[in-house]
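Next up, some structures in structure tokens.
After this come two complexes, each holding subunit A, first together with subunit B and then together with subunit C.
Entry: the complex of A and B
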């Protein structure tokens, strides 16, 4: 066992985990509150990355790209729910129909990006910064920024969910929408906020993902979606803290197995972990009494 | 004219393959309520198995392809083996994904499994020759009929439709039997079906395995005709094409989904083939996917039951004095069972 590659691979794992955590928390939060499996999430990430790219290529800083991506993500997730998903639900489309709706929307977004942008790879115009070696890790400045951003976002989400009235309302809506409404919570507003927050994290994750991979194309986000779902399921779908831990586990597993075994098998290892967990504990590691959701 | 005949026969083989696929997926999703987002994986697995069982040993053809299980089995053994192999894979996947999990979780797990499979086959080049895929797969009975003749093309159309007919006999037997009623009952109201003593997990597992056997057969029929197969042919969105076909044609209706197969995978791909190649390369492809996505949304919005809706099943009114719930298990399409108070009323 070579120790020299162990610590750097943990470092890469932390970077992957950070991106994954941003994405998975946004995904799971919205699913928990609204119970809609939004398979367009990955494609929305790609769209946000494109917006960030446009800003970047017009001379905007990376911070501005992140801001634009996050704002775009929040707005489009909100509108997607208001203009497409909620109308379908009101029309009586059932659970499985909704899955098809979101998957179709994802395919439409992805191919619209392909039609506009063309089948090429895009790269942001930026420097990853100089390498730094804290505690034997190997990071560049951009990766440290990604980790910092993710940690900050996770702290904010955690505080929001546990310390504020809004967070309480969100958790109540997730647990039992009918009861929450009866207790005087404006569940419609909570749902709107859940979509905004989910979209914001989705947009941030999209820009951050392509900052780390450096090149992206129209299928980048949808390729990442499955590992987001895996992280969310690992932690118990609908649970923000669970998704954070799920992201950490998957991030470390993928990068450490990439370093020691083969990079081409890293996703397979991540999914292997998921399958084992599902066999042992079908509702994820961090779930207590599982809430019952009709339908 | 030869070119027209080639085109027409190719189209007919594709149609037959797609019809088998939508029957199978409809059985799972439309009748049984199983959300099989990994459908295309089982079709692909069947295709691979049929391919390696006809290609012969991996050192053949100068050994330029790496794969497992090389053999030269005579027709129709590779097709049968493909169905069995996909069924076996379905048992394994079904035991992981269909036990205990909520249905939306099942949908997620299926999606994840479909992507793992693509990654595995792409990265493990020893399995099915990696990203390049398998090619030069021999066509069945090519020693009997000259495979490069138009006659062979029509011959293969015949094979495809005979297999289609056999598959239909089995599918129809399931959908029109008490088993089909039990499946519809679990689809419409899981709790009620369970309360009536139906083993929901076993029913779902059955329909999952049965449908995926057909998926494997359809993949085998396809690959023996086109002679090549690679991971690019079975990305998970391909399942969406079949699902859209089912929604357009009429979920739960075997005839309806046949029409869906004619309109969506076959009709659509062919219609757009004749569009002039405008814009940059790949633009038409992208537009095609956009339209398929839109088609699903439009149908789910305006005609959620499809062009030929599932037949409403009616049962004789319960004679007074017997258990009031006896007829309700199969009460069929559309809305979930009415609330229990209505069931308790005499008529």
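Entry: the complex of A and C
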């Protein structure tokens, strides 16, 4: 393998990592605050991508599609929690039961999309733009937009969690909901905001993902879920910064191993790294023994 | 697809020529058939099916023994469509159903097989996954009375389930393309559709005849695609070309690193098979990082969903200009084809719509032929016990001196009743089984609509690439 392929593969890894980071941070943010392993997350991404597609096909720009996807993601995640997950929690459904509930919701979303959209593939109407070659990397305008969007979103999330009262309240709720409530924090509202924020990132990630894959169908997002969870776990579940780094590691390992070894083995290497890291640090790179939402 | 009757060779490239060609199906999930498995219920079904198999094992064996004498039964007879009706290959099941229903209806209209007046098709969803297919097969075997034969399995589930049907002495006409079945030792396995490895040789031959000297071979790492990859590469090398091959994981968010590797060899064309989403992503990025180059696909890519995904990725105009796909060929002229269309029209409302998508579908036509072969074999053997009539399947397909050539069950039944020997020549043409119950056929290269022919190859021409 020569540097002529190594450098571009790092660049491609950055694009993959950017998409992954948007999704993984949203996923881990919500899990950290609510303790619900939302396996419908990938299907919500797909649903948001469909919304963006509809906007795009009605003449909307990609920016408008991103906004629509993000808004849909935020709203649907919020409603999903209020109308489905919270009633189950109030009835005392435990962790494993909630996993099954979220899995069921994912199947429902996926099959609803299949019923509405049909068993076919969709493509946004957009141009990826011209190619640029900064520092030996190979990007097009669309990929630079994806990287920029991910970096901006990560900065905003980081500032939100570390520099605002809301961020402090979210961290407190994640660490000990009862104590947070006793301390005067409106934990229900914090949970709502966590779902909204998670859904917003989920929606953004869904649209960005299908811009990158070009063609998508009703199962596209769910196929991406495993690596999202892997990125979240690699960084330490509940850690936004950890999810960002986890995404970066997986994105780079995936592409570089494809360049050096074989594309067939790139997922093996990515998940091999995950297993090794978790063997050394079972709670992920960025956490100690206690799970919390933190920057 | 098998098409044993030599048809007019259009040579290379073909001009207007005859319109005899096969269009691969518009693959759509069926809503007209019963499905017997559910992914999430797989474990439960496995347990129940296993229990049922154990419980019914004695019954099954005793009935087989009892049925080796003259068949005096009158009970209903069943043909099973054992293919995916859901999952990525959900289009395969309806395609087989489109062949089964017309044949079953026509057999019933002709008075049935022996004294069995009622003949039907029953569908079992394998989901394209051996984990689901095995319990589905066990359930079929355990619970189906008058079980005459199977349409399937396909590549996704064949390795896991062919032994099950074979052990139960149920004839099966596989639509799997796996090379492992080129020389199968299973006495109840038949195949009258083209094996994947032969499709690979046809791709290589086309690339060679187009004058390409170096190409890329990019295939998904799924069973079906990998069945084609080795022979496409070996065939092209045998013909003097250079090929860079790549096996890619499916449905990734990007293949840019893989493409960087491939374009280092400056390929003039790409031979490929992968699912629509994977191909859409790959081709879009190939266009961005390199350029649009001629695409040589397979019967796995000659499908509307693939055309939609890749057309959306590189532009429909580019797809129309650069795409060619290899697929089995069957004549769409002559008496057998007219009989097939006539019988299909009778059940037009019962198959996945639109019915026109099946009229020139080689796999549906092969399914129709398969049912007719099994039914006529039973009629000739005067038994509906597969263990008794199985040898007759090969015999009635092959040429026999003085035999009456028939193109439908009704014709065959009538000839047999008159004491004549018969040879069945079906919609896919004459069927000549080799010792492994495979029947080699012809191929065609079609345009991006999935049916407009570019060139047709005989089995001998394709063999030149081996």
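In this text, the second predicted complex is superposed on the first by the 288 of 295 C-alpha atoms of A that agree within 3 Å, B and C clash if a C-alpha of one lies under 4 Å from a C-alpha of the other, contacts with A are read in each partner's own complex, and residues count from 1 in each chain.
Definition applied: contacts are C-beta pairs under 8 Å (C-beta built on N, C-alpha and C of every residue); 3 or more make two chains touch, one makes a residue touch a chain.
The structure presented is a predicted model; accordingly, all values stated were derived computationally and were not measured.
**Q** Mind checking subunit B and subunit C on superposed subunit A, clash or fit?
**A** Here the two partners, once superposed via subunit A, clash with each other.
**Q** Taking the superposition as given, does A:267 touch the first partner, subunit B, the second, subunit C, both, or neither?
**A** In the superposition, A:267 touches subunit B and subunit C alike.
**Q** Contacts for A:160 in the overlay, against subunit B (first) and subunit C (second): which applies, first, second, both or neither?
**A** Touch partners of A:160: none, neither subunit B nor subunit C.
**Q** I'd like to know which partner A:224 touches here: subunit B for first, subunit C for second, both or neither.
**A** A:224: touches subunit C, not subunit B.
**Q** Answer with first, second, both or neither: which of subunit B and subunit C does A:212 touch in the superposed model?
**A** The answer is second: A:212 touches subunit C but not subunit B.
**Q** Of the partners subunit B and subunit C, which touch A:140 in the superposed model: first, second, both, neither?
**A** A:140 sits against subunit C, while subunit B stays out of touch.
**Q** In the superposed arrangement, which partner chain does A:131 touch: subunit B (first), subunit C (second), both, or neither?
**A** second
**Q** Does subunit B (first) or subunit C (second) touch A:119, or do both, or does neither?
**A** Touch partners of A:119: subunit B and subunit C.
**Q** Considering only touches as defined above, state whether A:96 meets subunit B (first), subunit C (second), both or neither.
**A** First partner only.
**Q** After superposing on chain A, which of these stretches of subunit B ends up overlapping subunit C: 166-174, 202-210 or 220-228?
**A** Clashes occur only in 220-228.
**Q** Determine where on subunit A the residues touched by subunit B overlap those touched by subunit C, and list them.
**A** On subunit A, the overlap between the subunit B and subunit C contacts is residues 107, 119, 262, 264, 267.
**Q** In the complex, go through subunit C and note every residue touching subunit A.
**A** 28-29, 40, 90-91, 221, 246-249, 251, 253-258, 260-261, 264, 276-277, 279-281, 284-285, 288-289, 304-305, 308-310, 312-313
**Q** Touching residues of subunit A toward subunit C in the complex: what are they?
**A** 5, 8-9, 12-13, 15-16, 19-20, 107, 119-123, 128, 131, 138, 140, 209, 212-217, 220, 223-224, 255-256, 258-259, 262-264, 266-267
**Q** Under the touch definition given earlier, write down the residues of subunit A that touch subunit B in their complex.
**A** By the definition above, subunit A touches subunit B via 35, 37, 39, 84, 88, 91-93, 95-97, 99-101, 103-108, 110-112, 114-115, 118-119, 226, 229-230, 233, 237, 262, 264-265, 267-268, 271, 274-275, 278-279, 282-283, 293.
**Q** Quick one: in the complex, what on subunit B touches subunit A?
**A** Where subunit B meets subunit A, its residues are 29, 33, 35, 37, 96-97, 99-105, 107-109, 111-113, 115-116, 119-120, 123, 237, 240, 243-244, 247, 279-283, 285-287, 289-290, 292-294, 296-297, 300-301, 304.
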